[in-house]
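Each of the next two complexes has subunit A plus one other chain: subunit B in the first, subunit C in the second.
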Partner chain A sequence: MLKNLEFPAKREVLPKMLATITAEITKYTGDDKWINRLKICSEEILVNIIDYSGSSNVFISCEFVNDALRFEFVDEGKPYNPLAEKPDVDIDAGIEERGIGGLGIFLYTTIMDKMEYKFEDGKNHLIAIKNLSGKLVD
Partner chain B sequence: MANYVMEIGEVSKIKLHGHIDASIAPNLMNELKPLIERKGEIKKLVFYANELEYIASAGIRAVVFAKQKLGANVQVYLVGASAAILDVFKMTGIDKFLTIQDSFEG
Partner chain C sequence: MKVTLERNDDIKIISLDGQLDVSTSDNTRDEIIALLDKKPVIVSMAKCTYVSSSGLRALLMIAKTAKSKGTKVIYAEPIEEVVDVLKMTGFIKMLHCVGSIAEAEREFSHAN
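On to the complex of A and B.
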């Protein structure tokens, strides 16, 4: 379990954050596809925080509850709900029409079973849940 | 010295390797720019992915960027990618624009 692990919100720290998260994920699944997918989700969320939140630090939690991995990413930046913006990604569009934005949020909202955002105690909290047993999360 | 681009020519070759996360992807993008400036010479662009362990959206964007800039007449290959890597390309729908092969001869 990772509980509120603090990292500087900097791109050069991203590999260390991802290595820490990946080590945690592999405790609960040995499926390369899911390890990779969950790592990508974590990266996309963290990159948004690093690039746009203005927060100096990011706090990462990850725990396994009821067959599901529950991630929580907390930052002290300006209030921002990434889930409020529907990603404008059309995966059936031609290559010339493919925009370069929105791919990250598209990936994590597609991969995760459930996501929640709240602004609490002056902090952004983004919660992402993925059930690894194949059951859908309520 | 280039870290990814191995050869620029009629068949241009790029070796993707390791972890291409958002902290690394700008290096790949920078290497692709001089290649794209020589697009008149290029007929095929081959991304070798045998040693690619991980790619996130920032890396995918670099591949999309190359495909868009080179235009419809240049065939872009993704060669030797693992199932986990292919999974990301399929989820984003980018696989449709690439010729996916286990190996590349020539």
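On to the complex of A and C.
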């Protein structure tokens, strides 16, 4: 379990954050596809916090409850709900028509079973839950 | 991410070795785009272990540039986890992916 683990919200710390999260995920599942998918979600969420929140630090939690992994990313930046806008991603568009925006949020909202945002105690909380039934380590 | 021009005769083979993530994607995109001319290109993906949204944006910009230059690009041997992300985002329909470099070479030789 990772409980409110604090990291400086800096790009150069991102590899360490992702390594910590990936090590935690692999305690619960050995499914490479899902380890990769959850690492991608973590990268997308953390990059947004690092690049846009203005927060100095980010706090990461990851716990395993009822066969599901529950991630919580907390920052002290300006209030921002990334789930408020649906990403404008057309997965059927051709090369010329296809836009470059919205892919990060599209990925994590597609991969995760449930996402929730709240602004509490002056902090942004982004919660992401993925059930891993059938993909768990013995 | 290591970008290597492995072959440059009638076709170019560019190999990727590493992660296409937020810290590497912009450079990788620029390095590959700088190599694009009229010659057909095979991008060897076997050692590209990870693609996030910044990697997808790089691949899209490469595809747009290649299309505007009339360059044909085939992606050879992407690993399962990368194919998974390409499928999820519809990129698998935009990028031509095959299972091996030999298969990509055969496609280019048939096209001529």
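Throughout what follows, the second predicted complex is superposed on the first by the 133 of 138 C-alpha atoms of A that agree within 3 Å, B and C clash if a C-alpha of one lies under 4 Å from a C-alpha of the other, contacts with A are read in each partner's own complex, and residues count from 1 in each chain.
The rule is short, and it goes like this: contacts are C-beta pairs under 8 Å (C-beta built on N, C-alpha and C of every residue); 3 or more make two chains touch, one makes a residue touch a chain.
Remember, it's a predicted structure, so these values are computed and weren't measured experimentally.
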Could you tell me whether subunit B and subunit C fit or clash when both sit on subunit A in the superposition?
clash
Examine A:Arg11 and indicate which partner it touches, taking first as subunit B and second as subunit C; both and neither are also allowed.
both
Looking at A:Pro79 after the superposition, I want to know if it touches subunit B, subunit C, both of them or none. Which is it: first, second, both, neither?
neither
Answer with first, second, both or neither: which of subunit B and subunit C does A:Leu103 touch in the superposed model?
both
After the superposition on A, what does A:Asp92 contact: first (subunit B), second (subunit C), both or neither?
both
Looking at A:Glu44 after the superposition, I want to know if it touches subunit B, subunit C, both of them or none. Which is it: first, second, both, neither?
both
Based on the A-chain superposition described above, do subunit B and subunit C contact any of the same residues on subunit A, and if so which?
11, 14-15, 32-33, 36-37, 39-40, 43-44, 47, 89, 91-93, 95-96, 98, 100, 103-104, 106-107, 110-111
State the interface residues of subunit C toward subunit A in the complex, per the touch definition above.
21-23, 50, 52-54, 56-57, 60-61, 63-64, 67, 80-81, 84-85, 88-90, 93-94
Over in the complex, which subunit A residues touch subunit B? Could you list them?
11-12, 14-15, 18, 32-33, 35-37, 39-40, 43-44, 47, 89, 91-93, 95-96, 98, 100, 103-104, 106-107, 110-111
In the complex of these two chains, what residues of subunit B are touching subunit A?
19, 21-23, 54, 56-58, 60-61, 64-65, 67-68, 82-85, 87-88, 91-94, 97
Touching residues on subunit A, where the partner in the complex is subunit C:
11, 14-15, 32-33, 36-37, 39-40, 43-44, 47, 89-96, 98, 100, 103-104, 106-107, 110-111
